[in-house]
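Here come two complexes built around chain A, the first alongside chain B, the second alongside chain C.
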Partner chain A sequence: MRSLRLYLRLVGVCVRSQMQYKASFLTDLAGTLFGNAITFLSLAAVFARFGSVGGWRLGEVAFLYGLVEMGFATMDMVFSGYDPGYFSQLVRRGQFDQMLLRPVALPLQVLSSEFTLRRLGRFAQGLIVFLLAVRLAGIHWTVAKLLYLPVVFGSVVAFFGSLFWIGSTTCFWTVEALEAINIFTYGGTEMLAYPMHIYDDWLRYLFTYVIPASLVVYYPALYFLGKPDPFGLPRALSFLAPVAGAAMLLLANAFWRFGVRHYQGTGT
Partner chain B sequence: MAGDGLWGSMAAIVEVRDLHKEFRVFLHRRGGLGALRNLFSRQHRLVRAVDGISFRIEPGELVGYLGPNGAGKSTTIKILTGILVPTSGEVVVAGRVPWRQRREHVARIGAVFGQRNSLWWDLPVIESLDLLRHIYRIPAARYRRNLDEFESILGLGEFLSTPVRSLSLGQLMRANLAGALLHDPDILFLDEPTIGLDVVAKERIRQFILRVNRERGTTVILTTHDLGDVERLCQRVLMIDRGRLLFDGQLAELQRRFGGERELVAEFAEEYPDPQVPGATIVGREGPRVTYRFGNGAQRPDGGVTASELIARLSARYRLADLSVREPEIEETVRRIYEQRLLDRE
Partner chain C sequence: MYLALARMGFQRQLAYRTANLAGLATNSFFGLLRAYVLIALYGARPSVAGYSLPAAITYTALSQALIAYIAIWSWWDIIRTFRTGEIATDLSRPCDYFRYWFAQDVGRAAAQLLLRGLPLIALYAVFYRIVIPATLLQVLALLFSLALALLVSFSWRFLVSLAGFWVGDATGVGRMAWTVATFLSGQIMPLAMFPAWATGVLRATPWAAMINTPVEVYLGLVRGPHLLAALAVQAAWAIALIAFGRLLLRAGVGHLAVQGG
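For the complex of A and B:
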């Protein structure tokens, strides 16, 4: 509770200092909104030409796309401190050393050191697409679906956040791997915005069993859209999103602790 | 009990025994292919930043930790503050092992690393300090009392509502010092606290450090290049080079043993053709004003003389009008120690 209050106080500081540059904040916001809208329009253009992708219609793919966009945007805002590009600077400039000198848990300090509010632009765009998708796809809503939706959303945030967290932790060893990590996080969002079954087997296995991305997006989407699994896997897979999200966070935290110990041993 | 050290001393607040810290320095290959090879096999060389250092510090001491660049000063401070874990050796600070109980440890220490800012860049100073109140859970009354005191000694009042990013270097250091002491730490670690400051700002910082040490009884450990800091502040000096402790004692003792020779300027009542005197060398002459250089036994094969002996010898031979003795600069002494590795021979 005390930690939460401290977290909110520190995040409040980040938000207020961004507000000091209000004009730049608003242009950024408009810019992200516009940029992402164009991405979606190009997606829509594909459908206008081919009608469907892997048997999924525009509304259904837009459901995936909107969910991933909202989730990623929220994560990008909440986990700004663990954005590998930002975090590597934190280490290089010695600010991470300053964090080691404070009697507060390190993840709390990192997470509250940056909070990029302008990601709201991307979130808003994802939300618009998502709402459109819900109409177009004609989802049959039940109480269970309404309750499960925020859980899935949280799992998406946790999943991408874990990738950021793991990526940042590698900065304790090398910054040379940074680009490779970015391929996973940013590439991951692009990939997850499409139905998994359009990809090759190996890629699908990788994103189901090794990095459980499809568990947080694709399988839950099958449930919401009332589609059967084209591979005939058990329906229970649709409900593993929170398990996958939590498992990724635990894994990231364990790796982080290992990384901090390594850092304290070397002081790179 | 706090301070109940591993080797049976009740009093020491800092105990360091046989501390070692080795770093692997990786050799980087250049180019695209080099970067790829760096990822898989990396060649390295071992650097012993701290190579077997032991010392103890009693509560309330003000200790200077000196050494040339790369001597291992910062590494030691980083270990004592819990940022780094040593390769081997034992460290107990106020009853705790810094890196094992990081959060408990840092709640009881203050640290300012020269030219590193620990306050919030975009916030006014006062709001930054207020955040520290929440971070260290400082009771409101104690916070108020400390803030009032620091405001008057450090003159924070003139820039309390200025954003941290707009402060001058001296103001930044003052604000950071206040921030490091709001929670009444037992020990204050300062790494180059006066680096880059002008004379007036330096003096203000030094006075503040002295006052905190004397009035609050805060133990202070500071590293510095500025021997002015050492002369003004430190009762005791730890001198290290190449990761080893070369000297641990009073500054005056260091000066007495290794200080260069002193100079005596004599103004005679008349001009003498060759005013020699045993135990001293003439190094300058300007009419009746003659400059002698002399030293104690440590520096002279003939045994040397003290200042009073020299004056007695001079006045027995010549008619003196005036006298003055110049002490060697401490900077000179320290430079000589490093350059000639005087302490290594001991």
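For the complex of A and C:
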């Protein structure tokens, strides 16, 4: 309880400091929204010419896209402190060493040290596309689906957040952020925005069994859209999203603890 | 002296070996994903908007290979100098400010083409049947088009960066400008595949001159008089943007002097 209050207070400070430059914040927000929207529109314009991707109509693909964008943008805001690019600076400047001395849980300190409000622009774009997709795809809503949707959303946030967390932990050894993690984070958002069956086996296996990406987006989407799995895997796979999200968080946390134990400082 | 600056720009890129490798991996991965999407979109169609399937796959390689070369995203070299104050030193150097930066950018771009552009195409050639320019004329036209693409891209980035004279920190302006360029250059999808009314307009913009034109020249989609016209549009934009950049620079320097009092 105490840590939650502390967290909210520190995040509040971050948010207020960003609101000091209101004009700059609003243009940034509008810029992000505009930039992302324009990217989606250009994809949609080209898709319209083809009609469908691997048997999925535009509305159905947009469902994947909107879900991923909303989840990633939320994660990008909440996990700003664990953005590998940002975290590597904390390590380099010795700010992380100061955190080690404070009697507060480390993840709480890192998470509350940065909260990039600008990401709301990307979230808004994702939300608009998602709402549009729900209309276009003509989803048959049930109580179960409505209850499961926020769970899936949370799982997407947890999934990408874990990748950020793991990426940041590698900074203990490399100091500089490893760009390779971008393949899984930014590459992941790109990849998950399309139905998984358009990819070759090795890529699909990698993003299903090694990194459970398709469990948090593609399989749940099959359930919402009422589509059968083209590979005939059990329907239960659609409901493993929270398991995959939680497992990733646990794994990231374990790796993080291991990293902190081995961290020797950078000499700053 | 400009040659020395170019060499400096070239060598600076060589220093970041792991970053270049990671960049190459990321570009290849994104290219690969785009290729899967296009293959799925094509389905049984042999050709769409003049692009055969191998041409479309080659497009995904080229559009990724050119990202680093023309630095379509995140080019903050000049914008940064407004924050650090180096702008004052740079302006008072005994050389032309535009050429001072352009020379360095030529070096940077050449290094990126060698380290991230060519390896990516080579990698693609291993996995896919890609299109290779067939005639010497096509290769020459491609080299010419690539040079013009860099000139247009640099003048555009130069122009955007000069916003710093008026807004101080041009990071936000830059971020928005780079996004617009990405979308309008045909980096995301070939401009030819857009709805017909949009394609004509998009092809004529300076952003198309950065990626779409060199790609279409490479693939041999523009030939004969169309090829000459495409190169002429690139050249025209280069001249226009350079002229505008120089005008804006003069106005900006005046503005900066007033501020410095």
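Quick note on the criterion: the second predicted complex is superposed on the first by the 260 of 268 C-alpha atoms of A that agree within 3 Å, B and C clash if a C-alpha of one lies under 4 Å from a C-alpha of the other, contacts with A are read in each partner's own complex, and residues count from 1 in each chain.
Everything that follows uses one rule, which is that contacts are C-beta pairs under 8 Å (C-beta built on N, C-alpha and C of every residue); 3 or more make two chains touch, one makes a residue touch a chain.
For clarity, every value in this text was computed on a predicted model and none was experimentally measured.
In the overlay built on the shared chain, the residue A:S17 is in contact with chain B alone; chain C does not reach it.
Of the two partner chains placed around the shared chain by superposition, chain B is the only one that A:R102 touches, whereas chain C remains out of contact.
More residues of chain A are touched by C (comparison of chain B with chain C).
Look at A:L6: by the touch rule set out above, it reaches chain B but stays clear of chain C. Contacts of A:G94 after superposition on the shared chain: chain B is touched, whereas chain C is not. In the superposed pair of complexes, A:G265 makes contact with chain B only, with no contact to chain C. Once the two complexes are laid over each other on the shared chain, residue contacts for A:W202 go to neither chain B nor chain C.
Counting contacts by the rule stated earlier, residues 176 of chain A appear in both its interface with chain B and its interface with chain C.
Residues 5-6, 9-10, 13, 16-17, 20, 94, 97-98, 100-105, 174, 176-177, 261, 264-267 of chain A touch chain B in their complex.
Chain B makes touch with chain A in their complex at residues 23-24, 35, 38-39, 75, 78, 81-85, 99, 102-104, 106-107, 109, 111, 113, 116, 118, 120-123, 127, 131, 134-136.
Touching chain A in their complex are the following residues of chain C: 18-19, 22-23, 25-26, 29-30, 32-33, 36-37, 39-43, 48-49, 172, 175-176, 179-180, 182-183, 188-189, 193-195, 198. Those residues of chain A that touch chain C in the complex are listed here as 24, 27-28, 31-32, 34-35, 38-39, 42-43, 45-50, 53-54, 176, 178-180, 182-183, 186-187, 190-191, 194, 198-200, 203.
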